């Protein structure tokens, strides 16, 4: 590998890592902080991508789609929490697995009924539809860099909310001992509803932002599900920075794995996860 | 206590040190425990008493120092191994099997003395010896009326009693008891004190307790820690009289009257 | 007489649902055009959603064969599932028509009198592309595909022809299925600077590869080629990035033969959608069976005769007439197509009557 | 006479099939201090939980400041100025000491903000030393201080302490009693469950003894002190 | 909890299942056979999830390893001996579980879930990406093993009815074995570990060894299921090791009610039956299936295993909740 390629691969790794963080960010909130084992995370991502497709077809712009889509996702998340998830906090965590598996099936079928099974593309907003020449033959799309910037902003904002605000403290406390939080006069139900809705909105936002580069297609959710869990877990459950670091590690491992050991690239991510967890059984950054 | 002639040292800790990051929770703490003796570890909150017990029981590895049990170096043994050689402990925060009945909690403790994992076709509930032992220990800890209750629904104080029953069932030579009386009512405390006295005859007990009535009723030897360091060690009378201990821990008599 | 019972085992959920539906539509269209009959008898369907899940494939196939007692098994898209079905077909001596799955083995080492294919072998379109690119004078090519049988067989077919034509494969890149992060490969391609790139991808992965390829600016400097699955069904998703791509397949838009025109008009009217290659394959599966039944006087029970009939038939397909090889794979023309205005327009026939070598087939 | 803060009327509480509270009446007025006494398992904690909505009584009513709140959620009751220090603590393990305190900070019902972070730090200097530690890194007694501090941060009118001095060193326990006395002086009502009968009866003006889920004694602290045999039979000291 | 009271329904259930071959419909014989295989698989996982508290999200690996082992160990044109391949396949799975267990059991909780997944994915990619077992297309088992012992053949696995009863017998044996195991001191320790592992250690139990024992045993029984699956269907594919399959069996266990062997069996039956029946009645079977699952979670906490108790309570008019 020549030096220029090495640099570009590093850029690829970073950019992919940040994209992975974006995809996993909603899960960081819902699973990492609230402690809900949410297999439907991928479905929320898919919902976002299809929202981007449907709304940008209708409005003609991805930006408009996102502006409209986020509130929709919030409402959707709040309703789900109210109707389903709020009944499960006191139960065995694994029942959430069952519930969210059921939701995957439902969302997937509804998607098929409402939008069909075709592969669709979503146009990159015109103001970002450019690229930067890197080498004589290769250039880099500005949109990808823009997403990276969004990811960094998101990571900082998420970290701030969770670690630095009282809301964040209440959410984390709620995961430790719900009824104690309530005894302190805090309406934990409402907080959980809001946070769950935020988690759904984040997943949907990830879907919307990724739609132009990944395209929109059936089962797209299941492809991000496992990798999202991998990232949240390697990072250390509940840690935003951990998730970011984990996403970058996975980004690097995947990128360089493909180049350097293509035969094994399928298992690289899992080897990384196994090694990390055997080295630090509670993730890279445990908490905080 | 003075009539004891042949003194057998059960547990000997030499200059134990434990650091948590920058904090030194225990510094050069040495404790000796003899059979037939109750050694009480006193100290203000956060002095490092539980940390000390955790090191003796194998829950925490010491940063420095050595631990010997009946002459054998056990510093590197795991918690389970130490339990097997005869060191039993109870926890400050209730630590039981909440889904199980009281009997099953204690029966499991008893079973740990004769583990035969390969006998997968015998029935655990038919091992009479374990059941009998469990019942006896429950009775001894004063929980007889709750034998078949699910332990998680016991009141706080009852769960504390269950903790004691569990250590008893492990036949430990050395009992490390971390605030066994906390949460017990006065009557239960009083009867626990009797139990402790009875247990002392054949074992060595290291006791952490903030209930001064109980402490002075049972202690043969008292070690006082402050901020992870040894402040004073001696018989109860000496400790009671020590000004340093009063300032750091006991408070003076008149401050009792609030 | 009894009805003919057709077992459709296709994906109706999951990634390949659109393909399953198109095949079903095509099949049913032919039956409808034929007066709702095959071999002169009413047709009845038993439908199973195979979910493209090989782990459930045997069970699903057996459901059709032993519970529904179908006369013919039609399926499926996913090669692994099709292989499992083929085993059931062989074991239970049930006629089976594969309307898509391209695994070479189906009409290669695992060929069987009972198994027919109305679509293609993975080898075919790629081999044709290999010939074409060698003819174009390319010397040095990089291949990219997913690490799974279909992709590897496609690359192997391409390589065979391309190397025979004097070219050289500079590097074979694979990535785990269904991973779609292509950026590292694009970077490598840019630094290798081959004459051209041959890729095998399908579905959303193909759409993403083509978009990424173009976004990385490579499309202008290093031409991209691949079997038609790269573009079929994905043109909308690729948008401008797909324009001008050259691909090889046994079907194309703008074939301008009467058969195809009629087929397309009818399909559009019936399903309010444009047909694609999958619909054609479904349509031809029905035609093949019709040919067999006719030879057996409409009696599906006379299996030997049905098979004979199919083997000797010339299928008047919208793609152009084809016959079946001794291994029961279509001997067909492969088209070079170009993406123009959202269509895969035919450029030329690059390989006339291309027959899969059916290596390892003892039929 | 000052106003009623919290009342329970004819409360019957069950856990599954076991009947724990057998028709208990309880009330506490503004500024009042009640010592709740009884042996292990007699239902003291259950009574508290029943009034806070942490456990739903099957019969009976709960009134907060005169309003029927039998169906109210725990947080709604707590927001009426009631703070609770549960037995066995209930520290938030994943929060640091500082966060444990800050998360509950709130003005009192009348907008009072007497208890601030700094004041809690002054009261429990030990916590100040551990300020950045996680909740799981505290000694037992430090956790206890933290829970009390956390409850005070809500600036309550009624402070319920269930075995609040459990595991505290005598000096600290005395300090706690001193603080509670101070708190009482500022007009905050308290319900205290503790095995140190001497201390609680000296702090509280009223005492109540539970036996098997029933009130066997409800009277002034002086009465209790005057009748050691009462304590003897019901508490066994 | 009363063993005898619940014995009768179980006997009736087994007897009913045993009558399936009387229908003479090969499809039903085969599908019920498959469900029985999945029941073994689910019970093996329940040993970990429900009883030891080890939520493995990679259990399909052991199923798949044994499944491939049969296919790879059997000669192409001849039948292997059942008495050789079955123990071999099961032992291979057990060995894999033992070795993997040495690593994964160092982690806990959700981390354990993910590391088991990681190892299973590695196994998946080994079969998917290498030519070892036919790559992504999978491979055939051309001849079912023969049960002949020195020329005497007590039953024939090629006969679907014999095979069915063989599987049924295996399922009952596994059930009885596990039921007995769980009452043994070993089993009680596992349950103790689930409840409070730390406490078990301080009571003097070497919990790692017990967990490793359970993990290996579960791997072996999962392997038995995988072996039977291959014999039943004659086809193996990497998808047998995929996380979807690991997830499916986990769902069966949760659906049935964790920590209840009969629940695991019921979960396997319910899960497979739902897929089968819903897919039969509508193209939109996913919607139905998803809806039913959501409803089960909401209205049947604790899964199907809790249903008999509910019915009993309802009949007795006892206390709700």
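The first chain written gets the first letter, and so on, giving A, B, C, D and E; residue counts start at 1 in each chain.
Criterion: a contact is a pair of C-beta atoms (placed from the backbone, for glycine too) under 8 Å apart; a residue touches a chain by one contact, two chains touch by 3 or more.
These figures come from a predicted structure and were not determined experimentally.
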| item | value |
| --- | --- |
| Contact distance in steps, from subunit A to subunit E | 1 |
| Co-neighbours of subunit E and subunit D - touch as defined | A, B |
| Furthest chain, CA centroid comparison against subunit A | B |
| Rounded Å distance, subunit A centre to subunit D centre (Cα mean) | 43 |
| Computed distance of Cα centres, subunit B from subunit A, in Å | 48 |
| Centre-to-centre distance between subunit C and subunit B (centres being mean Cα positions), rounded to whole Å | 74 |
| Geometric centre distance via CA averages, subunit E-subunit C, whole Å | 37 |
| Interface hub residues of subunit B, defined as touching at least two other chains | none |
| Residues of subunit E engaged with two or more neighbouring chains | 125, 128-129, 286 |
| Touching residues (chain side subunit D, partner subunit A) in the complex | 52, 54, 73-75, 78-79, 82-84, 86, 90, 92-96, 99-100, 102-106, 134-135, 150-151, 154 |
| Touch list for subunit D against partner subunit B, complex | 15, 18, 38-42, 45, 87-89, 126, 130, 137-142, 144-145, 163, 166-174, 177-178, 181, 195, 197, 199, 202-203, 235-237 |
| Interface residues, subunit C side, partner subunit A - complex | 13-15, 17-18, 21, 147, 173-176, 178-181, 183-188, 190-191, 193, 203-204, 207-208, 211-212, 215-218, 221-222, 233-234, 236-239 |
| Complex contact set, residues of subunit E against subunit B | 180-181, 183-189, 191-192, 195-196, 198-207, 209-210, 213 |
| Touch list for subunit E against partner subunit A, complex | 49, 55, 103, 106-108, 110-111, 114-115, 117-119, 121-122, 125-126, 128-129, 243, 247, 250-251, 254-255, 258, 284, 286-287, 289-294, 296-298, 301-302 |
